[in-house]
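Listed next: structures, encoded as structure tokens.
Both complexes below contain subunit A, partnered by subunit B and then by subunit C.
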Partner chain A sequence: MIQKLLSLDRRWIFLIIAVVVFVPAILKIPVPVSTISNSTQQLYDTIEGFEPGEVVMISLDYGPSSMAELQPQLTALLHHCFAKDLRVIGINWAVFDSVLLGQNEFDRVARLHGKTYGPDYCYLGYKPGGLPNLLDMGKDISSVYPKDVHNKSLTDIPMMKAIKNYDHISLVVDLASVGSPPFWINYVYGRFQQTLALGVTGVMISELYPALDAGQIVGILPGLLGAAEYEYLIQDANYTMEGGDGATGMGIQSFLHVALILIIVFCNIAFFIDRRNRSNIA
Partner chain B sequence: MKRQIPIILCSLLGFCLVVRYFIPHRLSQDFESTVNDWVRILAVFAFVIGLGSLIRVHLRRIAMKVSHWQYSIVVFVGLLLMPLAALVDFVKTPNQLASLPANLTSKLQNGPLPATVRQALTEGGLSLPPVVTVESVGKRWKIQEQRQQFATDASSEIITQLDQGKIDRILRQKFSVRDLQLPESIEVTVQSKGRRWLLESGALWYLLIYQNQILTVSRDTTAAYIVGPNPVGSGDLPVYASRKFSKQGSSVNWLFLNVYVPLDATMFSLLAFFIASAAYRAFRARTMDATLLLLAGVILMFANAPLLANQFWHSVFGGLNFLPDAFPTLVKDWILQVPGMAARRAIQIGLALGAISQSLRILLGIDRAWMGE
Partner chain C sequence: MATLGTLIGIALTLCVFSFLYKDNPFYTFAEHLFVGLAAGYSIIVQIEDGFIGTIWQRLELSIHQGKTTEMMIILVAICTGLLFFTQFIPDVSWLVRIPFAITIGYGAGFAIPYTVEQDIFKHVYSTIRFNETQSSLKDNITDLLNQGESTADLQLQFKDSGLVLTPKAEIKTLKASRKWEIRDRLQFTINDSQVNQDKLNQKEMPDGLKLAFAKAGFELSPTTKIKIWKHDHRWQITDNRTFDLRRLNGKLVLDEQWVYTVKREMKPKETQVEVLNVYVDFFHRGGWQVFNMCLIFVGVICTLTYFFFSVEHRGVVGGISKVGVIFIMVGFGAAFGNTVMGRVSLLIGRVTFLIKAIPSLFGG
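Now for the complex of A and B:
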């Protein structure tokens, strides 16, 4: 019996996971957060301290596969920036297939806050080249991005007339599901002392804590939980009344984690019973 | 010679770039910019080579009819569909951003959009909704659909009656929203959004209840902006259109959002199932090391699930005053910031030393694996 449990057909586990994911997803059960991670609070406080008109650059280095975790982070950050009348530049430094994801969300959230493309925000998109692009933006952004995603020259975009390089940008936020954060930290913080923050997927958090501790980045949004925490903070401050996907995602994540913990506990109980039985026989 | 020249080039450029880092002179910066330009150009060619390689591999699969060769046809369909859609979009709407002639800017004033200005904008390629107004906003003019915002004193009794789904006629009448009649002819649905309720009808009306006290109704807005001094000076003014005012990129956007995004997200989502299956088989406390890994994993999962870390924790341990409310989050932060970070730093230092030694080996021509040797 115990042996059967230990070698349980994985299709049963798939079924359990399907139920705990689909039910909260279909019912849209929101689970709001009530405690905030230090790393999220630090990023919120940094943006909160900015004066209207300051510039935030957001680099979307993720694709649709990670958008469940990172798109709610982008939405929450945009709400915060636009509500505080900050100007926002969107780029895709490392991943080209998220240009439309970012562009659509920038337009949507900007519209909710009555912001204008050009004076209040702009989207520069993706340019091949990798690391040299990061370095050259430290000297002249227009040398990397002569035009925006609408094929409009940067000199014709009102907000970009006063923004030449990192010196004119108060904060860069890299939302990443790929290995881009070390490049931003090593080259953009290391060489230009640019204030940096990150929003990453859950599995990437542990590798970035040393940079947070060393003060190389001012905050990290940890996965979907980070998005839910940020949503809580901006809603609490009345910056937006739009419900975010972070809180709804927390419902799914919570039920999934409960199921995983139960699965692990269950398999360990079976494992110990089996080991005791074997030692008794021996 | 075939081997020596690439190695010499690699070593020379590599050492130059390393030395350049320590010489903040204009000439050295110009050199770096030039190299960066070359890298960007090479990166574009990498895309071209990649595309060529993809086509060659899949053509061969189709020609040789290897197993599952039919999927290669799907690759070509996808490969051709997106550029084709972009081409169609480009032909349909050649100019998204309109330009307003200077002689018409004097006609702008707060209120309805003058017919002559409307005609000029439409001819310029801007797709405008039937009824729009113009409003002076600082140094620019904003063209938008009518925007409405209302506040009401919806009682908590009404709010408690809200439920997911369709709103009934009685509840609709109970809303005492000043200056607003919810559209009778259109179905209004209610959706819970965290601490708010969203009342939606035909994607036009949003009713948001905040903290059971404030009720705000706003109409979804679309807008275009004429950017320029106010009062408007001379010269043609660019018009920045929001997405809903223009149709450019609609086919590509539709394909991206409705085909590519769900496919990519679905592929990645399958990981959850395999992780669960792997956890069942691998997460067993066989040794002390495995037990530590198991405990750290369970604590992180517990703290990353608000249902457990907040709601469950408060209901079970809320009465214990010596434990802080955010205890699971504090434990998680400690694991990440103390033992996790110590291990991570050790790994990163090791990686950095390894990268330095490997780079030196490549620069000195000792390691030639990058040449395919």
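Now for the complex of A and C:
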């Protein structure tokens, strides 16, 4: 029996995972957020402390493959910024294939809050160049982005008339699934002392916590969990009534985690029983 | 059109998931389609935004405007870039060293100082900054703020202690993050005669700025230091103070620094005045943070010992390195757990897409 279980076709495990994901997703079983991570709370507190009109720049350094984790973070951040009447700039510093993802979400959330393109927010998109672009934006954003994604000159965008470089930006948030955070930390925080926050995938989070502890960033959203926590915070403050994908995803994830833990425990027990049986035979 | 896009999305998602059963032509098709599309899109973006948008249009503009110097700089950059392709011509392949040397030199020149400062110094400092955790005041102050004392009362106490806050100052306890924060915002005007650029470029407190602070009800202590980040654009004023809150347990000494960060806001040139927002942020570390910092300190020392091979890992060193192994395993475990969570999130993203998209095809 144990032998049979240990040599179980892995496709049965896939099937179990599929059932555990699909059933709560279809039934929409709610799982409440009980605690908020310090890192999420810190980012929320930072934005919460801003005065209307202050500028937040969000860099979308992720592609469609990571949008499941990072897009809910973007949505939650945009709700918070627009509800607080902050002005938002969207860019894609490191990844070019998420321009449409970001642009559409900016437009959608802005519409919900009655914000208009130009005075309240703008989207600058992607420019090849990498590190020099980050450094140049410290001097003059229009030297890197002379035009926005609509091919409109920055001088014709009302909010950009008063925003020349990082000096006029209160916070930069890098939503990343690639190796961009060290660049933002080392060069934009290091050289320009720009207040910085991150939203990253679960895979990257462990290596970036030291930056939070060192004070290089003011907050960090850990994957889908961060998105769910942020959604809870902004809904609790009545900034939005829209249910986010983060909370939905974390609800499903909770069931999946229980299933994974049970599978790991069960397999380990089976492994040790099998080892004992073998040693008894020997 | 949107329906077609959704349909393609659903079909390709199912094609990729079919690999979980076994390799099949549907999966291969989806894989090849993805690679081809990604490569094609990347090439177009690099040509349009990279070459045409960044180089060609600027070159054209400089030629039209007759800016010879700018034109020459762009041409030199283009020629240097083109040298990368000389590696395909054996006779002149040595020329590729020039752009490589420039790229590596530029990259290393920028990377080394900032990486050392931000990746090493900052993190070492954050590991050993026990001076920020030794304060015994935390509980008293947190209690004080948790008692629901009014902001006005607290302001009065702060004033008695030498810190003048404006009526608009916000004092709040950040319970979830185990910290408390005082935020004050002063807005006043300083004209250029009070603070001129020359004075700000010296690393001393300009009298004009001191006066303006005092006028706004903010008396800076004699130990105030000014740090200029970037000429006149932004500067930071650090004021070290000792406070006596005269509360329950007698003298309470705050050992943190009060940091006044001043950011200049852009104003129309003709007004000739600058509006300055002064932010005062004061954070105090909570009990768990003290514990965590101690844990990090012990973890770093033990882990470094494990990787220190100049001494045999026996006796005390062996014990410390064994503790290091535990920290490493916990670190790997946490990283693996986060990775699983991340990957699972991607699966959930696709499943959520399917559940939303399939009914939408039938008008649901």
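The rule is short, and it goes like this: the second predicted complex is superposed on the first by the 282 of 282 C-alpha atoms of A that agree within 3 Å, B and C clash if a C-alpha of one lies under 4 Å from a C-alpha of the other, contacts with A are read in each partner's own complex, and residues count from 1 in each chain.
The rule we apply is simple: a contact is a pair of C-beta atoms (placed from the backbone, for glycine too) under 8 Å apart; a residue touches a chain by one contact, two chains touch by 3 or more.
Treat the numbers as computed from the prediction; the structure is a model and nothing was measured.
Once the complexes are laid over each other on subunit A, subunit B and subunit C cannot both fit and instead clash.
In the superposition on chain A, A:206 makes contact with both subunit B and subunit C. Looking at the shared chain after the overlay, A:116 reaches subunit B, while subunit C stays out of its contact range. In the overlay built on the shared chain, the residue A:253 is in contact with subunit B and with subunit C. Taking subunit A as the reference chain, the count of touched residues is higher for B when subunit B and subunit C are set side by side.
When both complexes are aligned on chain A, the segment of subunit C among 99-107, 117-125, 153-161 or 351-359 whose C-alpha atoms clash with subunit B is 99-107. Counting contacts by the rule stated earlier, residues 14, 17, 21, 35-36, 38, 65-68, 97, 127-129, 131, 135, 202, 205-207, 210, 213, 222-223, 225, 248, 253, 256-257, 260 of subunit A appear in both its interface with subunit B and its interface with subunit C. Residue ranges on subunit A touching subunit B, taken from their complex, read 8, 10, 13-14, 16-18, 21, 28, 30-38, 63-68, 97, 100-101, 104, 107-108, 110-112, 114, 116-119, 127-133, 135-136, 139, 143, 150, 152, 156, 158, 202, 205-207, 209-210, 213, 222-223, 225, 228, 231, 235, 238, 241-244, 247-248, 250-251, 253-261, 263-264, 267-268, 271-272.
Within the complex, the subunit A residues that touch subunit C are 11, 14, 17, 21-22, 25-26, 35-36, 38, 41-42, 45, 49, 51, 65-69, 96-97, 126-129, 131, 135, 162-164, 167-168, 170, 182, 185-187, 189-193, 201-207, 210-211, 213-216, 222-225, 245, 248-249, 252-253, 256-257, 260. On the subunit C side of its complex with subunit A, the touching residues are 20-21, 38, 41-42, 45-46, 49-50, 53-54, 107, 110-111, 114-115, 117-119, 122-123, 125-126, 174, 176-178, 181, 183, 185, 229-230, 233-234, 236, 263-266, 277, 293, 296, 331, 334-335, 338-352, 355. Per the touch definition, subunit B reaches subunit A in the complex via residues 29, 32-33, 35-37, 39-40, 43-44, 46-47, 96-97, 137, 140, 142, 164, 191-196, 198, 208, 210, 216, 220-223, 225, 227, 238, 240-244, 249, 252-253, 256-257, 260-265, 267-269, 272-273, 275-277, 279-281, 283-286, 294, 297-298, 301-302, 304-311, 325-326, 329, 332-333, 336-337, 340-341, 344-345, 348.
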